[in-house]
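Same chain, two partners: chain A is paired with chain B first, then with chain C.
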Partner chain A sequence: MLNVDLLINGLIIGLFYALMAVGLTLIFGILRVINFAHGEFYMVGAYTYTFAALKLGTGPWFALPLAFAAGALVGWLAERTLMRPLYTGYTSWGLMRDEYSVVVTFALSLLLINLVDKVVGPYSQRGPALVDIPRMALGPIMLSGQKLVATAVAAAMIAGLALFIRYSSWGRQIRAVAQNRLGASLAGIDTTRASSLVFTLSGALAALSGALLAPIINASPDVGAFPAIKSYVIVVLGGMGSMPGSVVASLMLGVLESFGAVYISYDYRDTFGLVILMLVLIFRPQGLFGEKGREV
Partner chain B sequence: MNRSQHRITTEFWWSLAFLAAIALVPLAVSNPYWLGVLIVSMYFALLAVGWNLLAGYTGQFSLAPACFAMIGAYTTGLLAYHLKVAPWLGIPAAIFVAAVIGMTLGRIVMRLRGPYLALTTLSFAEIMRLVIGNSYEFTRGDLGLNVPGLFEARLAYYYLFLAVLVAVQAGLYVLMRSKAGLYLQAIRDDEVAAASRGVDVVFWKTAAFTLSAAASGLAGALYGHFSQLVSPELGLLLQTGLVICMVVIGGIGSLIGPLVGAFLVYVSSEMLREVGGIQLIVFSLLVIIFARFFREGLWGLAKRVLQRRTA
Partner chain C sequence: MTNDLSWLLKFIVAAVVASAALAANAADPIKIGISITQSPPGSVVQGTQVKDGVEIVKDMVNKSGGVLGRPIELVYEDNQGIPEKGRAATEKLITRDKVVAVTGGHQSSVCLAEIEVAKRYNIPYVNTNCWADAVRTKGYPQVFNAPIYSSRVAESIAETIVKLGLKRVVAFCENTDYGIGQAKAIAEALKQKAPGIDYKYETLDRAGKDFTPAILPLRANPPDMVLMVMLPPPAYIVMNQLYEQGVAPTARTWLYDSSGLADYPDFWQNVKEAGKYMLNFALYHPQMKLPKLAQEVGQAYRQRTKNEPNRLIFQAADSLLFIVDAIKQAKTTDPAALIKTMANMKFEGTRGQFRIAKEPGARYQQMVDIPSVTYQITEVNQATGKTLLIEGPGMPLATAKLLKPAK
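== the complex of A and B ==
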C-alpha cells in the first residue's frame, strides 16, 4: 500500500517537474542554450499568484492566469534584451557564444532573486489554495484537494502545449527552427519570432507551476533554485531538446525521488537526480531517449 | 617578444603595481573591520584568478570554483578537527586534495562543452555541498567546523594573503608567458584546430582544471583559518556567482582584470550593504551590461582610454 502511495505521489510531483522542464527543453531545442534563470520564472509566478490573490483580492482562480501572464512577460523580456544578440549576427564574440548565455542567464537569476528580496522581503509567503478540500484518502492514497486540482491543471497545460507544438502553425514553426535554424529561415519562417515565442511560453509555464505549487511550497526569493535544478536534470535525462523525452524523464525523476527518499536515504534525496545528471552527461550525452549522435 | 607576451607582461606589471598599492593600505587604514574586508577581497581575488585561468584563458566555463574553495577549507578543517593536524600541514594537504579532485573532474568532463560543461560542474558542486552539509557525524553539517587560527594579528593575515596572491599571480604570469599559455589559449579559441596543430588538448585541459582547483583550494584553506569557521556556505552557488561577477566586470581573459574586479566588487559590496543590501542587484546588472556590451570588462575599457592617449 505504501508503494502505491509513493508511486502516485511520485507521478504527481513528476507532473509538476514536467511543467517546469518542458519550457527549458523548448529553449534548449531552439537556441542550444541553458537558461539558468528558469527557476526565477517559477519564483515570479509564485509571487504574482500569492500577491494577486491575497493583496489585490482577485481570488485564486483569477490570480492563476495573472501569474501565467507575468511569467510570459518576463520570458519575453529576457529573450528580447539578452538572448537576441545570440542569433542576430554577432560574429566577433570576445566572450564565446555558449559562455555568453551562461554568464548572462546566471546574472539574470541573481538579479531577479535579489530584486524580489529587496522589494518584497526575504520572508516566505504562503499562497492561498485553489479549492478548500482537506486531505482525504482515495483508496490507499492520501491527497489534498489542492494537490488534486493543481495536478489536473498541470496535466491539462502539458497536453495543451503538446497539441499546440504538434498541430498549430506556430508549433510547426518552432519544431522547424529546432530541427534546422538556417533551413527554417530559408523556408520563410521568422526564426526570431519563433525564439521569442519559445521564451515567452517557457516563462509562462514555469510561472504557472510556481503559482500552482505556491500553496504547497511557500514563495520566497530563492524558491526557484530547487525546481530549476530538477529541470536541468530532466532536460539532460530526456535528451536535450526532446519534449516527450523530458515529460517521461520528469515522471521518472518524481517516482525515483519518492521511492529513494523512503528506501535509500531521506537526507540525500536531492542528490539522486544530480548524480544521474552527471552520469548521463558523461556516458550518454544524447539522453536516455535522445536522438542518436547529437553533437555534444 | 611577440604581441601576446607583450600584452601579458604589461598586464602583469600593472597588477603588481596594484598589489603594491594594496600593500600600503594598512599604513592609512587601521580599522580591523576594513582590513577584514580587504582580506576577504584577497580570498575572492585568489578564486577569481584561478577561475580566470580555466574560463578566461582555457575557455572552460566551470561553475565549481566556490566548491573547490569549500573542499580546500574542509580538508584542512577536518584534519585539524579530527586529527589535530597543524595548519602548515593542513594547507598543503588542502591544495593537494583540491588539485586531485579538480584533475579528476577535469578528466571526467573532458568531452563536454558550453552548457553541458556548466551543468555537469554545477551538479558536481551541488552534490559536494549537499554531501558535506548532510554528513553530520563527520563534518557537523550546517553547523560548521571550528578551525584554529594562524595568527593573533589581523595584519599578519593581511600580508599572508597578499604574499600568496603575489605568488599565484607571478606563477600565472610565468605560465601564460610560456608555450603553455599559448596552448591554453589555442584550446579556448578552437579546440579542434589546436589539436590538429599538435597541442595535447587532453593534457592541457586537465592541467588547467587541476591548477585552477589547486588555487581555489588554497584560497579556501586560508580563508578557513582566517575566519576560524568552515561551513558548507562556502560552496554556495551564490559564491560562484560572485566570482563570475568579479571576473566579468574586471575583464575576463586578462591577468589584471579579475584581480581588480575582485577588490572592486567586494569592497563596494561592503559599502553598498550599508546603503541597504542592494549590492547584488547592482553587480548582476553590471555583469549583464558588461557581458552584453563591453566584453573585455573594465580592463578593456581602461586599455582603450590608455591607447587613445598614446595614439
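== the complex of A and C ==
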C-alpha cells in the first residue's frame, strides 16, 4: 500500500514539475538560453491567484485565469524589454550574447523576489482551494480535493500545450524557429514574434503552476526557488529543448524522489535528481530525448 | 589690563568651543546594531517581528529623554538568514557604523557566525531569539542571551511527553542548527526522563515544499505524537500535509508544536483544520500575568501592526532594554565596560525580572528563568487568548482538559 501511495504522490508531484519545466524547455528550444527568473513567474502566479481570490473577492476559479494572464504579461514584458536586445539584429545563434541572458534574468529574479517582499510583505499566504475538501480517500489514497483538481488541470494544460505546439500555425512556427532560426527566418517566419510568444506562454504556464499549487505550497516571496531548481534539472535531464523529454523527466524525478525519500533517506531527496543528472550527462549528454546536434 | 582682557577672551572662547563640543556629543545618538533577516531566504517573518519589538522600545526610550541624555539610533543590517551575510553585517556594524552593541539575532546558524565577530572586536552581543545551546556553550563573555535555550525547551517537552504517557514519538525537524539541535536535545532529555519511549526524528529541508514522502510511512504505523521542530513557512506545509494524509492530529496521534508556530500572525492564514487540536509549547500566552512594561509594549505593537504580540516582540524588546539598562548602569557606552556591567546585571524586562546565569554550559550568560506554557488550540481561527491553557508557571499539566478529534 505504501508503494502505491508513493507512486501516486510521485506522479502528482512530477506533473506539477512538468507544468513548470515545459515553459523553461520552450524558452531554451527557441532562444537557447536559461531563464533564471522562471521561478519568479511561478511566484507571480501564486500571489495573483491568492490576492485575486481573497482580497478582490473574485473567487478561486476566476482567479486561476487571472494568474495565467498575469504570468503571460510578465513573460511578455520580460521578453520585450530585457530579452529582445539579446537577438535583435541577429539571425545566427553564434552571434548572440548568451551571458547577457544569464545576468539579466538573474537580476530580474532578484528584483521580483525583493519587490514582492517589500510590497506584499514577508508573510506566507495560502491560496483558497478550488475545491474545498481538505482531505478525502480515493481507495487507498488520501489527498485533498485541491490536489486532485490541480492534477487534472495540470494534465489538461500540458496536453493542450502539446496539441497547440503540434497542430496550430503558431506552434508550427515555434517548432520551425526551434529547429533553425535562420532557416525559419528565410522562410518568412517572424522569429521575434515566435520568441515573444514562447516567453509569454512560458510565463503563463509557470504562473498557472504557482496558482494551482498556492493552496498546497503557500505563496511567499521565495516560493519560486524550489520549482525553478527542479525545472533546470528536468530540462537538462529530458534533453534541452525537448518537450516530451521534459514531461517524462518530470514524472521520473517525482517518482524517484518519492521512493528514494522513503527507501534511502529523506535527507538526500534533492540529491537523487542531481545524481541521475550527472549519470545522464556522463553517459547520454544530450539528455533522455535530446538531439545530438542541431547545426544545419 | 590688556593681558587680563586677552586671558578672559581666550577663556570665554575656549568655554564656548568646549560647551559646543559637549552639546554636540550629548546630542549624538548612541548607535546600536540590529542584524536581522529582511529578505529571503531567511525567516523575514521573524526579522520583521524583531524589528517591530526593538522599534517600539527605541521610541519609548527616546520619548523619555534617551540614555545618558542621548537618543538611541538603531542601525539595521539585512543578513538574509545566511551565516556569511550575518558575519559581514556584524563586521560592518562594528567597524563602519561604530555601534556600541549588536542585537536582533533570531536564527541560530546566523547567531553562531555573528558571535565570532562580536568576540573578536569585544563588543556586547545580545542574542534575541537563537535557541541553539551552541550559542551559549562556546562561553563567549561578549554574548548574552534573551531567549530560552534548546536544552531547556527539550526538558519541558520531554516532561509533557512523559506526563501524557506516550510510547512512540516522531519529530519532524528542519535542517538548521536550531532544528537538528532541538531534536537532538529532546532525544537526550527523553533518554534521561523516560528511556522506554521510542523517539526518532526526521530531518526535513527548510527549502522543501513537498513533505508527503516523509509523512506517508506514518500512515501505516501512526505514532502517539508527531512533534514539530520547524519554523514557518515550511512548518505550515508540513502541518497541512500531515492533516491531508490523516496522520495528525487524530484520535490516535497528538500534534505538538515546539517552536511557537501559533504565535505568528500568518498562522491561521496558512493552516486551517490542520491547526485544530494542536498542542503548543510557548513562551507567551495572553492569560499569563504580564508586567506593566509588557502591557505597554504589547499595546504599542497592537497599534503599530493590528496584530497580537508574541514572544518575539517581547524578546526583541528585552534585548534592547537590556542594552539600554547596561548603558545606564555603566554610565558609559564603552563596549568593554558594558560587557562587564551586563554580566553582573539584574534586569527587569517585559517578561519579568532576570539575572544573568554564570555557570558554564547551555545556561551561560542566559537570562533565567524564562516562563513557558503549554496550550491547546480547540477551534479553527482561534485567537491565542482563547486557546486552552493546560500548563503554565505554577500550573501543572492538566491532561484531563485535553481534547482530541472524534476519529
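Please note the rule applied: the second predicted complex is superposed on the first by the 277 of 296 C-alpha atoms of A that agree within 3 Å, B and C clash if a C-alpha of one lies under 4 Å from a C-alpha of the other, contacts with A are read in each partner's own complex, and residues count from 1 in each chain.
Simple rule for what comes next: a contact is a pair of C-beta atoms (placed from the backbone, for glycine too) under 8 Å apart; a residue touches a chain by one contact, two chains touch by 3 or more.
Predicted model only: the values in this text are computed from it and were never measured.
K.L.:
Once both complexes are superposed via chain A, do chain B and chain C end up clashing or fitting?
P.N.:
Taken together on chain A, chain C would clash with chain B, as the superposition shows.
K.L.:
What is the contact status of A:Leu186 with respect to chain B (first) and chain C (second): first, second, both, or neither?
P.N.:
neither
K.L.:
Using the touch definition from the top, say if A:Ser144 reaches chain B (first), chain C (second), both or neither.
P.N.:
second
K.L.:
Quick one: is A:Leu281 in contact with chain B, with chain C, with both, or with neither? Answer first, second, both or neither.
P.N.:
First partner only.
K.L.:
Of the two partner chains, chain B (first) and chain C (second), which one does A:Glu99 touch, if any: first, second, both, or neither?
P.N.:
first
K.L.:
Which of the two partners, first being chain B and second being chain C, lies in contact with A:Asn114: first, second, both, or neither?
P.N.:
A:Asn114 contacts both chain B and chain C.
K.L.:
On the A-aligned overlay, A:Ile34 touches which partner chain: chain B = first, chain C = second, or both, or neither?
P.N.:
first
K.L.:
Just to be sure I read the superposition right, which of the two partners does A:Asp270 touch: chain B = first, chain C = second, or both, or neither?
P.N.:
The answer is both, since A:Asp270 touches chain B and chain C.
K.L.:
Out of 96-104, 132-140, 240-248 or 312-320, where does chain C run into chain B after the fit?
P.N.:
Clashes with chain B appear only in stretch 96-104.
K.L.:
Quick check on my understanding: which residues of chain A belong to both its chain B contact set and its chain C contact set?
P.N.:
The answer is residues 113-114, 117, 225, 267, 270 of chain A.
K.L.:
Taking the complex as given, what residues does chain B use to touch chain A?
P.N.:
55, 59, 61, 63, 108-109, 111-116, 118-120, 122-124, 126-127, 130-131, 134, 188, 237-238, 241, 244-245, 248, 252-253, 276-278, 280-281, 283-285, 287-288, 291-292, 295-296
K.L.:
What does chain A use to touch chain C in their complex?
P.N.:
1-2, 5-6, 9, 13, 113-114, 117, 121-126, 134-135, 142-144, 147, 213, 216-218, 220-223, 225-227, 257-259, 261-262, 266-267, 269-270
K.L.:
How about chain C: which of its residues touch chain A in the complex?
P.N.:
Going through chain C, the ones touching chain A are 39-41, 44-45, 47-48, 175, 202-205, 207-210, 212-214, 216-217, 219-220, 232-233, 236-237, 240, 243-246, 264-266, 269-274.
K.L.:
State the interface residues of chain A toward chain B in the complex, per the touch definition above.
P.N.:
Residues in contact with chain B: 28, 32-34, 36, 82, 85, 93-104, 106-111, 113-115, 117-118, 225, 229, 232-233, 236, 267-268, 270-271, 274-275, 277-278, 281-282, 285, 296.
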